[in-house]
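Across the two complexes that follow, subunit A remains constant while its partner is subunit B and subsequently subunit C.
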Partner chain A sequence: MSLFWSVIRQLAEIEAMATSKKVITRDEWEKKLNDVKIRKEDMNKLVMNFLVTEGYVDAAEKFRMESGTEPDIDLATITDRMAVKKAVQSGNVEDAIEKVNDLNPEILDTNPQLFFHLQQQRLIELIRNGKVKEALEFAQEELAPRGEENQSFLEELERTVALLAFEDVKNSPVSDLLDISQRLKTASEVNAAILTSQSHEKDPKLPNLLRMLLWAQNQLDEKAAYPRITDLFTATLEDPAI
Partner chain B sequence: MPGSASTTHRPEGLIDRLRSAAADGGEAKFKVLRELKNQIIGNRTKKLSYIKLGAVPSVVSILSSASSSVDCLLIQCAATIGSFACGVDAGVKAVLDAGAFPHLINLLSHSNEKVVDAGARALKMIYQSPSAPKYDFTQPKNIEFLTSLLDKTNENVTGLGATIITHSCQTPTEQTLLSNAGVLKKLIHLLHATSPQRDASLESFATIIKQNPHVITNHVGPQNGSTFRTLLDLTKDRYPRTRLLACVCLTLIKNATSSAYVESVGMRTKLILVLLELVEDGGQVGDEALFTLSRFIEDDEGLQKLAFEANTVDKLCQQMVKESLQGKRLEGLFTALGSICSNLESCRSIVLQSPKALTVITEGLTHTTTEVRIAACICLKNVSRSVKYLSAGHFMTEAVIMPVIQLLYDASTSVQVAALCTVSNLVVDFRTHKSLFVQSGGVKQLVELSKSMESSVRLNAVWALRNLMFLIDNRCKEEIFMDIKLFPLTRLISDSNACVQEQALGLVCNLVNGPGPMDSMMYLFTEDGILLNTVGRELRKASRTQVLVQAMYVMCNVASGKELEKEAVMRQLVNEEDAQSIIVSLLQSEVASLRTAVVWTVVNLTVPTGAGALARVVKLRNAGVVSQLKNMVNDPCLDVKLRVRTALGQTMTFGDFST
Partner chain C sequence: MVNESEGGQQEKDLVGSYFLELWRSKSKRAALSHTKDVEMMKLDDEGEELEEEEEPVPTELDTLNSSGGFSIVLPNKLSVQYPSVNLHGHDVGVVQANHPAPVKRLLYYFEIFVKNAGARGQIAIGFTTEGFHMRRQPGWEANSFGYHGDDGLLYRGQGKGEAFGPTYSTGDVVGGGINYTSNEFFFTKNGQVVGTVEKDVKGRLYPTVAVHSQSEEVVVNFGKDPFIFDIKVYEATFRAKQQEVIEKMVIPQTASYGIVRSYLQHYGYEETLNVFDEASQTSVPPITGIHDNGFDEYGVYALNHRKILRKLIKDGQIDEAFGKLREWYPDTVQDDTSAICVMLHCQKFIELIRVGQLEEAVDYGRSHLVKFYNFKEYEDIVKDTVGLMAYEDPKKSSVGYLLEDSQRENIADAVNALILSTNPQVKGQTSWLHSYLERLLKQLTACILEKRLSNGNQGEAFHLRRVLLANNI
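Then we have the complex of A and B:
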C-alpha cells in the first residue's frame, strides 16, 4: 500500500516539474549571451573552413584579403578540386579521372570503391549518349574485372548494365542511375576523397555547429522556456512562449 | 573519336607507341606516358597485362634519359612507376628489375616540390610491398639518409622515411640502431603534423619499440612523459585508424615493461574501452583492434579481469553472431575470445551460455581460411578449459567432436597442432563420453600423427593420447594400445625430442596406472619386457629432468605390483656391475620432484611383505641406497622427507644391518 502511494507521489512531482518550467526572459538571455566571448579570429576561421571545404575559391581569396584569415590549405588546390567536381557533374568522367590522377595518383590507386564508382559513372554516360556498342565493350573490359574482385561491385555493375535492357528507361526500376543526382553523388564522393588526401576534413564545421545548436535547444526545451532561434537564416531570437 | 577508343585503349597499341616514344623522344613521350598512367591507376588487370608486355623497362628508360629540367615528364614517369608498384607484387619486381630505384632516389633532391612528391610517392609504394628489398640500417650513411628524410617538411618524403622503417626494421639490433640515432624523437615530432604523417609515424614507432624492452626503457620511459601524453591524446583522435595505432603503441609499451604509466588500472581499462569501441568499425581497423586487444590481454590475468569487467565477452559474442562475417573478422574474434577465456571461468560461462557462440566457433573449425580454423581451434581449447562444462560432457557432441577430428587430417601442420592441443584438452575428462571420440576414428588419426616427421605434431599427438589414457577402463586401454602398438611406443619413448619422450612416458604411466593395475601391467612385460627395458634405459641415459621423473613414475607404478613386478624393477634399477646405483645418483638430484618419484619407488620396493622383501632390502642396502636415504631425513622438501622416513622405517623392519 505504501509503495503505491510513493509511486503516485513521484509521478505528481514529475508532472509538477514539467508544468513549472523555468522561464528565461529575453533580457536575461541576452545578458547571458553577451557574457560569452568568442574571438573574432575563431569565427573567421569557421567561415574560411566553410568556403575552402565547399570550394568557393574566389570568395575564400576575397575573405582572406579582407579578414587576414589564412586558409589551412593551398587555395590553388581548391581550383583543381573544383575542376574535377565540375567535370563529373557535367558528365566528363574520363576528364575528371585524368585530373584526379594528375593531382595525386594515390587517390584512385588506393580507393577501389571510388575508382569503381567513377568507372560506373563513365558507363552511365556512355549509355545516356546512346553509345551501346562502346558501353558494352567498356563494361566488359574495364568493369567486369572489378566485379570479379568484389561482390558488391558486381551487383552494382549488373544494375547499371540493366539500363540497356529497358526501352523506356525513365520508367524502369534503374531510372535513378540516369538522374542528375547520381552524378552529384559521384562528384561529392570524389570531392571527399580529394579532401581526405589533403588531410582536410570532408565536411565543413559550420553545418555541424548548427546541428549542435538545434540539439542543444531541443534538450533545453524540456527544462526551460527561453528565447530560441528557429529561423537559422536570420538567427533571430524569438520571445519565449509562456 | 568513338570508334578509335577501342583500338587506342588496347594495350598492344599503346605499348608500341610507348616503345617508339622511348626511342625517338620528343613531345610524344609526355602524352603516351600520361595515357599509360591513366590506364593503369586503380586497374590491377591492366597493370598486370602491361607488365607482361614489358612496359616498365620502357618507362624507366624514359626516366633515366630525361633531363632534370623537364619537370612534367619526370612527374609522369614517377607516377606511372609508382602505380605499377602499387598493390601488385609483380609490379614491384618489374620496377626494381628495370633499375628504377636510383633514378627515383635522385628525384628526392629535385628543386621542384611536385617532382619530389612524385618520386617519394613511387618509392613509398615500393616499400609498402613485402617483396621490396630490405633497407640496410647498419650502414651509417643509410641511417643518415633516412633521418634526413624524416627532417623534411614534405609529407610524402617523411611518409617515405616512416614506410622504410615499417618495412625493414625487424631485428632488435636494428631497433636499437634506429632509436640510438634519434629516430623515435623525430617520429614523435611528426605526430603533431598532418594525419597521414601521423599514421605513418605511429606505425613505424610501433615497429621500433615492438618487443624491445631495452629500447622502451631508454627512449619511451617515464622520463619521456610527453611521448606518453601525446600517445594518450591520440587515442581520442578523430580518425579511427590513428586511435588504433596509438593504442597499438601503448599496448606494446605495456607488454614490454612494467611502466608506471600503463600500470594504473584506469589507464588499462581506458585502453580496453577504446579498443572495444574500435571493434565496432566494420573494416580493417575493427579487425586489427581485435588482434591488438588480444595481444594486450594474453598472458595477463589481471588485464583479462579488467576486460571481463568492461563487458568484453558480451560484446565479442554479440559481434560473433552477426551475419556473413569476413574471415579476418572471425579470426580476430576467435583470437580475442580465446585470450580472455584462457584463465577466467566467468568468461567461459558467458560464452557457453550465449545461445549461438559455441555454434559459431565450431562452424569456424571448417572455415576455408587456414588462420580462421586455427583461431577457432585455439578458442575452443580455451573455452573448454572449463572443468564444470567439460565434465558435464558439454563438448562431447557430434557437432563439436566431428569437425575437431576432421582437423587432425588438415593439410596444414599448424592446424593439426592446434587441433591436437584442443583434443588433448577435450579428452582429459572423458570417462562417460569417450565412445564418440573412439568411434569417430579419432584414436587412429592420433596414432598416425604420433609418427609425424614434424616434432610439434608428434609431440601434441602423444600428449593427446596420454590424456586420453588418463583414468579409463581396461577395455578402452586395450583398444587404444592395439592402435598404438608396442614397438612404435618404444620408439616414442626413445624419441630424439625430449618433450616427446616425456609425454610418451606419461602415456605409459597412465597405461599402467588406475583401476585394475594388474591387468594393464602386462603391456610392460610382453615381448621379453621390451617396454620396461626401454624405460629403464632412458633412466640411465636421459638428461632432461622431466623425462627422468616420468620414467621413474613408470617404475614406481610397476613396483606397486606383486613379486614378479617388483623384481623386474629391481633388475632395472640395481645392477651390481654399476659403480653407483642409479637410485643413489637420482636421489642426489637437486630437483625435488625427481627425488620424490625415486623415494616413492623405494617405498614400493621395500614394502615388508612378500617372499623377496628381505632380499630386496639387502640388495638396496648393498647398493648404498639406505645410507643415501639416511642423509635425507631432513630433506628440504616435505614430501621427500616424509617418504624417506617411511622407506627407512620399512628397511628397519628386517633389523638394522648398518653396523
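Then we have the complex of A and C:
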C-alpha cells in the first residue's frame, strides 16, 4: 500500500474514533466472516428456490440432478405456470385463462381482480389487433358487468376503451396500456396467483436477502466503520469508508 | 520470486483443512443427534442451528430474592399474595422471575392474571435489573419500569408516573414484553396492546410483579399456558413492518441472476448453468459490469473438468475421479497423505460399504486407510469411516451421515475447490474458496451479529435456515 493511502486510512480511522464510532479493520472483519458458517445445502436450497420461483424448470431439473437438492414444489407445476405466463406475455389471454382454469379453477374464482385484469388484457389485445367491433362487444358484455361490482374496475375499463377513441394511440395518454410492460404486469400477477394457490411464496428469497444485506449494512454503519460490500456482483470487501 | 510448488502447497493445505473441518462439523452433529432419542432428532433437524441461541428463560418466581415478609409466593411459584396491611412505600411485595428475560431473540413476553385486586389494587407489572431494591414498586427506582394497576400510569425510574393506559383490576390479564429490535417495552391488557415505551437501559432485565395492599393476589404465566395476547400476530406484524423497510432497498435488477450464475460456475454445476443461460438469454438483460472484474474468467476456469469430477464423485466413482485428477492436475494428488487424498480414500471405502462389498472394503481399508491412523489430523475421520464396518445397518448408525448425499457433495466441493486453487490468476488469494453467494450471506450474518453486539448482545441473529423454513405467502 502506498504511503498516501495508508495516511488516508489512518485519517479515516481517527475521524471515526472522534465520532465514537467503532472501527473494525479488514483483518478483524475477515476473522468475523470466517467464523460465520453458511451450509452448502442451505445455499443449494436458496438457489433451487430461485430457479423454481422464477420458473426455470429445466435448470431446476438439472440442478436437482447435479446438486441433489430437492425442489420445494412439484416441477411439473412450473411448466404449467410458465405456459400461462408465456401465453399472457405473447398476447394469448384467452388461452392463458383456459390454462389457469385447467390448473385450478379456484384461482380465478377467488381472485376477481386478477380475473378482471386478464379480461382487460384480452380487451387490449383485441384493440391492438384492430378488432373494433369485437372489442366493443367484449367490453360491454363481459367487462362492464364486472365494473358494477367494483368502482376501480369501472375506471380501468373506461381508461381501456379510451384506446378506441384515439386515432394515434401512441401519442395518447393511455398509450401505456399497449406497451409490452402492461403484458408483463398482467403475466406476473397471474404467476403470483398461481404460486400462492400452490402454497408457495410468490417471490424468490434471494433478492430479499440481498436487500436485507444492504439494509443490515446501513444499520451497522450507524454503529461502526467496517469493510462493506457495495458491489453485489463481485462481493468485494471495501476498506472502511472515510 | 514465489516458489511455485510451495505456493501451490499452501493452497492445497487450505482446501484440505477447510473441507476436513466441514466433514468434522457433520460428524459432530451426527454424534450429537445420535445420543438423543428419535423424537428429539426430529426437533433438532429444524432447530439445531438455533441451538447456540439457547438461554435460560424465566419459568417461575424467585422465592429467595423476594421482599421477605411483604409477599408470599405460593408453592407453585407462580402466584404471589400480599399478606398484611401496607404502611408505607417501602413495604411493597415485589417478586422477580427466576431468570432474566432472554435477549437473543426478537421479543420476550409474559403475562399476569389479577386474581384479587385486594384493598387498593396497587399491583404492578414490569421489568427490573438484578440489584433492584425489593421493597419498592417496579418503576419507582432507577433502571426499573412498571405499568401500575391502580392508576394505569407508566413509571420509569422515578416516583412520578406518566399517562399510559387504562387501570386494571380483579379479573384482568396484563402482559409485559420487550422488543429487542425496536428497543421498546410494550404492555397489554386483556389481549390488546396498551402502549410502548423506549427501553433506555442496557443489561439483563427480570420480569417483575408487585403487590401492595391487603389480599392482593396475582398469578404469573411465563408461557407455560397459552397467552391471552396473541404474541404470534404481534411478532408477524412487526416483521412485516420491518420487511417493508427492507423492500425499499434497491438492488440491481440482474443481481440475483448474476449471483446464481456465479454460484453455478463456482461449484461446477455446468449443465444447470448452460440451461439457465439459455433460458435467461431471452428474458434477462445482459449483466453489466461483470467483465471488468475478471468475474467470468474466474468462474469458467476448468469448468468442464470440475463438472466431470463432480459427477464422478456424486456417482460414487472414486477410482475414476482419482484417475482424472492424476491425469489433469497431477500436482494436486501427488502426496498421498494430503488431506484431499485421505478424504478421497475414505470416500472410496464408504462407496464400497454402500454397495455392500465388505470384503473389498476390508482390503481397501488395510491397503489405503490404516496408514492414516498415524496422522493425528486425520484420525477422527478415518475412525468414523472404518467404523461403518461395525454395523449391519450402517445408515442408522452414529456414522450413518457418511452415507448421505451431503457427504459426497462435500468431497466433490473439496475437489472443486482444489482445482479452482490451481488457477494461476488467483495465486496468493483465497477468494476462490467461497462463492459470491456465500460471501454475501456471510457479510449479512456478520453485520447483524455485529449490530447485536453493539446493542449489548440483545436481539436475534440471522439464520439462513430460518429464512428457508419461513413460508411467507
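Convention: the second predicted complex is superposed on the first by the 222 of 242 C-alpha atoms of A that agree within 3 Å, B and C clash if a C-alpha of one lies under 4 Å from a C-alpha of the other, contacts with A are read in each partner's own complex, and residues count from 1 in each chain.
In this section, a residue touches a chain if its C-beta (ideal position, glycine included) is under 8 Å from a C-beta of that chain, and two chains touch if they have at least 3 such contacts.
Everything numeric here is computed off the predicted structure, so don't read it as measured data.
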Simultaneous placement of subunit C and subunit B on subunit A, clash or fit: clash
With both complexes overlaid on chain A, does A:Leu75 touch subunit B (first), subunit C (second), both or neither? neither
Who does A:Glu66 touch here: subunit B (first), subunit C (second), both, or neither? second
For A:Ser199, select first, second, both or neither according to whether it touches subunit B, subunit C, the two together, or no partner. both
Taking the superposition on A as described, I'd like to know which of subunit B and subunit C A:Ala225 touches: first, second, both or neither. neither
In the superposed model, which partner reaches more residues of subunit A, subunit B or subunit C? C
Would you sort A:Tyr56 into first (subunit B), second (subunit C), both or neither based on which partner it touches? second
If we overlay the two complexes on their shared chain A, which of subunit B and subunit C does A:Val169 touch? Say first, second, both or neither. neither
Can A:Glu149 be said to touch subunit B (first), subunit C (second), both, or neither? first
Taking the options 77-85, 95-103 or 185-193, which segment of subunit C carries the C-alpha atoms that clash with subunit B in the overlay? 185-193
After overlaying the two complexes on chain A, where does the subunit B footprint on subunit A coincide with the subunit C footprint? 199
For the subunit C and subunit A complex, residues of the former touching the latter: 22, 25, 243, 245-247, 249-252, 255-256, 258-260, 262-264, 267, 269-272, 275-276, 278-280, 287, 289-290, 293, 295, 307, 310-311, 314, 405-406, 408-410, 413, 435-451, 454, 462, 464-465, 467-468, 471-473
Subunit B - residues contacting subunit A, complex: 2, 5-6, 9, 34, 37-38, 41-45, 79, 82-83, 86-87, 118, 121, 155, 194-196
Complex contacts: residues of subunit A adjacent to subunit B: 97-98, 101, 104-106, 108-112, 115, 131, 134, 137, 141-142, 145, 149, 199
Considering the complex alone, what residue numbers of subunit A touch subunit C? 22, 24, 29, 32-33, 36-43, 45-47, 49-51, 56, 58-59, 62-63, 65-68, 196, 199-202, 204-220, 223-224, 226, 229, 231-237
